[in-house]
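Okay, so chain A shows up in both of these, paired with chain B first and chain C after.
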Partner chain A sequence: MNGRHLAIALAVAALAAPFVLEGNRFLAFVFGIVMINLLWASGMNLLYGFVGLMPLMFAGIAGIAAYAMVALTREAGWSFWLATPVAAVGAAFVGVLLGLPSLRLKGFYFTLCSLVIQSVLTLAFTFFPRFTNGDTGLNQIEPPAWGGVQLAGVWFDATLSVVAVVGVLLAAWIVQTRLGQRFIAIREDDVLAEVMGIDVVRNRIIAFFIVSLYAAVGGCFYASYVGFISPRSFDVLTSLGIWLCVAFGGRGTIIGPIIGTVILAPIPYLLQELQAFKDVLSGVLIIVVTLVMPAGIHGEIMRRRSLRRAAAPPTVSAAEAVSSNGGAR
Partner chain B sequence: MSLLQVDGISRHFGGVTALRNVDVRMREGETLGMIGPNGSGKTTFVNIVTGHLVPDGGRLLFKGTSIAGAAPHHLAALGLTRTYQAVRVFGGLSVRKNIEAALLLGLSGAPAAAEQDELVHWLRLDHRLSSPAGSLTLFEQRRLELLMRLLQRPSLIMLDEPVGGLAVTEVREMIALLQELKARCSIFVIEHTMRVIRELADRVVVLMAGEKIADGPPADILRDKRVVEQYLGTAHA
Partner chain C sequence: MTDATLLVLASTLSTGLILGAIFALVAAGVTIVYGCVWLPNASNGQFFLLAALAAWSLAGAGWSSAAAIIGVLFMGIALSLVIEWVLVRRLYDVPERNVAYFVVTLGLTQIMSGIFAMSWGLWSDQFTLPPLVDGITMIGPFPMTNNRIVVLAIALGVLAVLFAALRYHPYGRALRAVFQNREAAALRGVNVRAIYRLSFLLGSSIIFLGGMLFALAYSFDLTVAWTMSVTAFAIMIVGGPGSVLGALVVGMVFGFTQAIVSIFASPTAATFSYLLAMLAMLLFRPSGLFNR
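Then we have the complex of A and B:
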């Protein structure tokens, strides 16, 4: 089965699932959440997996868009379908503005800077209750309407499937364009990329803008799907959860974040009774990913496969396995 | 008009003066060598010319236009490129992907497929195209570095110790490659290996503690009393 067949199979599965799960409202809801997380993870992957930056303010940008969308629909009376793109582009611009100073940094320093920005955004959501209602949060957010009828049940789930599939396909398309090739060159060695004629800061800003759009669109759908948002919906733990989906599944590949999201995103909901255990589990997973599988599940599968191939005729592929492991860092 | 004109460049790092009032000129087609002891400012000089560092003062002209403060990616498009003392390739990507990355610059006069193949063949990388660049030998990586630069058709390539770390036989091969490279672009080369300077350079600039102390044909420079005393030592002379 090649990549194209796999993509079609997964897309069909995603679009069919809401109808299969229709009988079980809870599982269907968890599925919808997984689709939103899939959109988020494929966006996060563009920056973390392909440009090499870990944006911990990801959830904060989603939050800006979600609050803006609610304000626009409630106070200005806009439709969800107009408010979402406007809020998303606005939030992405705010994200780029906030990120501008940090986009000159790389690696750990960028991550640290994004953590600070995320913390500031969480505080802002809490202490400027005019639009956010502070810690109490906003509830009874209306679901989007489609031709006068509010989206509900299976049709809302299916809408989320479409959004996620489009998001993944868009990411898959971006990474094989010249823009995506520039991202990869920057990830591999930003100094060399610059000497090879690539405007590193400019391309990072473009990437960051695209990724912010993913975060923001996901945030708007999250708000209207769950119907309730508070500063906790968009805190650093949310960012880390999305990051974990990408890192656990396999950064820098299209399939990796899908694997990671499908495995990890349902856990908080399925283990709702075991709140404490859930946090311990995600902590353990972060350690496992960092120590045992730096390239994620997908990377690990690829590594074993190439090791097995290397064991048969001793050729270059052993070196390939070593370098793909080292390249993951 | 000089290809490269550097007038009175200075650079300090805190209280340390790395370069003081250095003038260098290069003609089109010339190969210019730069020698000097460790810490004399050679790499700082290259870093300034290629936009990695901003000079404290002085003038930088490339093909007659000022390039002070220009970013490296901008200079690459103008035809000024460099290599690094520690070899630098996209180690996690295959050689072919490295080549594609070099072609991303998208120059209008980018080499056609046939010419790309010819360059790959000349640098003997044809059998390595699908290998990860990080798995190549040092010499192969150095050749890949040259290939990636040449695909961008530079007018001036600045080489920072191109034979550093190579075995004796490889040094000989590299010098032969660089001899042929002279026909393709102007070369600025930093080297400690005197063979490289003697066999390649048309002219040599000597730096000492951040100042230019000599400038002339290699034969004269390598006999210059100050250079011999302070840098080469009696063993080389």
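Then we have the complex of A and C:
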């Protein structure tokens, strides 16, 4: 039950934080960004952590949804709350279409393919400026309205908290359904999974659709929260940044991406003056995560804990168990 | 045909040859390392740019271009040794190491581009190297600078030596043996780890050389790193990962494509077409045109 208590505590903290940070607009803004990244990271974790594919076109899909949402609200006059689901589902279908052929690939070839698709999308955002305004980007994107009043300040932050908490809970739920179990089976050994009657490609497509939805919803909220998007908002560095949150925190767990996002997502905003230094830092982290701690911070903590448990003489733990039992009586 | 169109034709031809030779060189470096070590070097464009920038700095400090090139090559070998020592050798025994290597080199790309933006990027936004040799030669009615002729000769010469060395030199044969079957090569007494190190050094040095040759022939800016990475990867995938012949042929084709596209569209259009070619290849024939 420890996990459930932790989940409730984290959810309460996420929902309360906007009101605590209300006095400091900058910190509250950074918090909102962290919440969007949390949604993204928990989505990417479903594919990277549970199915075992590294989707570097993640940000591109978020970009498609964000541009579509802006076009629908500006040119068709739709409300944000209608445009976002439509844009998200549309972008998720586009994502599946783009990813469909690559789903037969795995490992390096899938990752390279997703990187190529991401680069094509970035170039497309730049060179087809009809909806994207090219490199200049779109600014003054209206925040969503709720009952005729535009969401602003603390209420927008709180909305993002709700979205992030729902996203994380949904991911936690998916993971323990039969679908999630099939994902893990595919990650562990796709050939064996196929032999056991799991349709690997079909399940990868489902995972891809869900993950694209996460990317797309996050993209729509990002556009309306920041108020400005350009091709650079959704380039490969964004994808890598989200991937790093997942890998650094600990892939394949629910808490891992949360740890990673809370630590890493604020850094670009806190180091705003030092953009180039931020690139160096994240490059170093990418290398460290890959070479030194592939299980991430969470995995490292777990490993240390189990090492300590193994190192301690068994009589101590037995004595502890007895004493705690005695305490309970 | 008028004189003007002939001139355009001739300049396209020479640009295509030079670009093609440099593309082929860099892609050969990337593909050797991938075929042997299984390391897809996503930061090849940064290596390429680093060599060009370092040569620019040395030339700025009063070195002649030839001295700068030799100096940078030695520095490049030293840097590759360090990278091999610190990063690359950690994964030699991991079976599915190409994904991990790919991610590591993506990280390296970010580190290097951050460093470039903080240093050379602040000093200038357009870089040129002084020519190796002065003067102009008339090839028929068409003028071509001696400098570009020398660049082309060096690029083609290195490619020829590389080709011959891989085929006939004992190290080249050992390298190709590891390409084809690591276990069998080890059983026949090939020191696999030494061959890994050698091919990483060789591949990286070729990429460094390619960067400097490009800098000799054309002026460049920091964005060339990204373009080169995309191009080299596209050549490697289309030509067949690990195939030096594929890198040569496809590199030449891409060089001419770039030269022709640049006449009537921005070079980015060429990059776009490489990306699409790579995508099509990945989806329909991941082993490439010239698979081994």
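Just so we're on the same page, the second predicted complex is superposed on the first by the 311 of 329 C-alpha atoms of A that agree within 3 Å, B and C clash if a C-alpha of one lies under 4 Å from a C-alpha of the other, contacts with A are read in each partner's own complex, and residues count from 1 in each chain.
Everything that follows uses one rule, which is that contacts are C-beta pairs under 8 Å (C-beta built on N, C-alpha and C of every residue); 3 or more make two chains touch, one makes a residue touch a chain.
Note that the structure is predicted; figures quoted are calculated from it, not measured.
After overlaying the two complexes on the shared chain, residue contacts for A:Asp199 are found with chain B alone; chain C is out of touch. Which of chain B and chain C touches more residues of chain A is settled by the count: it is C.
Look at A:Asp135: by the touch rule set out above, it reaches neither chain B nor chain C. Residue contacts after overlaying the shared chain place A:Gly283 against chain C, while chain B stays out of touching range.
When the shared chain is aligned, chain C comes close enough to touch A:Leu240, but chain B does not. Touch criterion met: A:Val116 reaches chain C, while chain B stays clear of it.
By the touch criterion defined above, A:Glu188 reaches chain B but does not reach chain C. By the touch rule above, chain A contacts chain C in their complex via residues 54, 101-102, 105, 107-109, 111-113, 116-117, 119-120, 123, 127, 237, 240, 275-280, 282-287, 290-291, 294.
For chain A in complex with chain B, the residues that touch the partner chain are 178, 181-182, 184-185, 188-189, 191-200, 316, 319-320, 322-324, 326-327. The residues of chain C lying in touch with chain A in their complex are 40, 87, 90-91, 96, 98-100, 102-104, 106-115, 117-118, 121, 230, 233, 237, 268, 271-272, 275-276, 278-279, 282-283, 286. Here chain B touches chain A in the complex through residues 50, 71-74, 76-77, 81-82, 88-93, 97, 100-102, 104-106, 131-132, 134-135, 148, 152, going by the rule given at the top.
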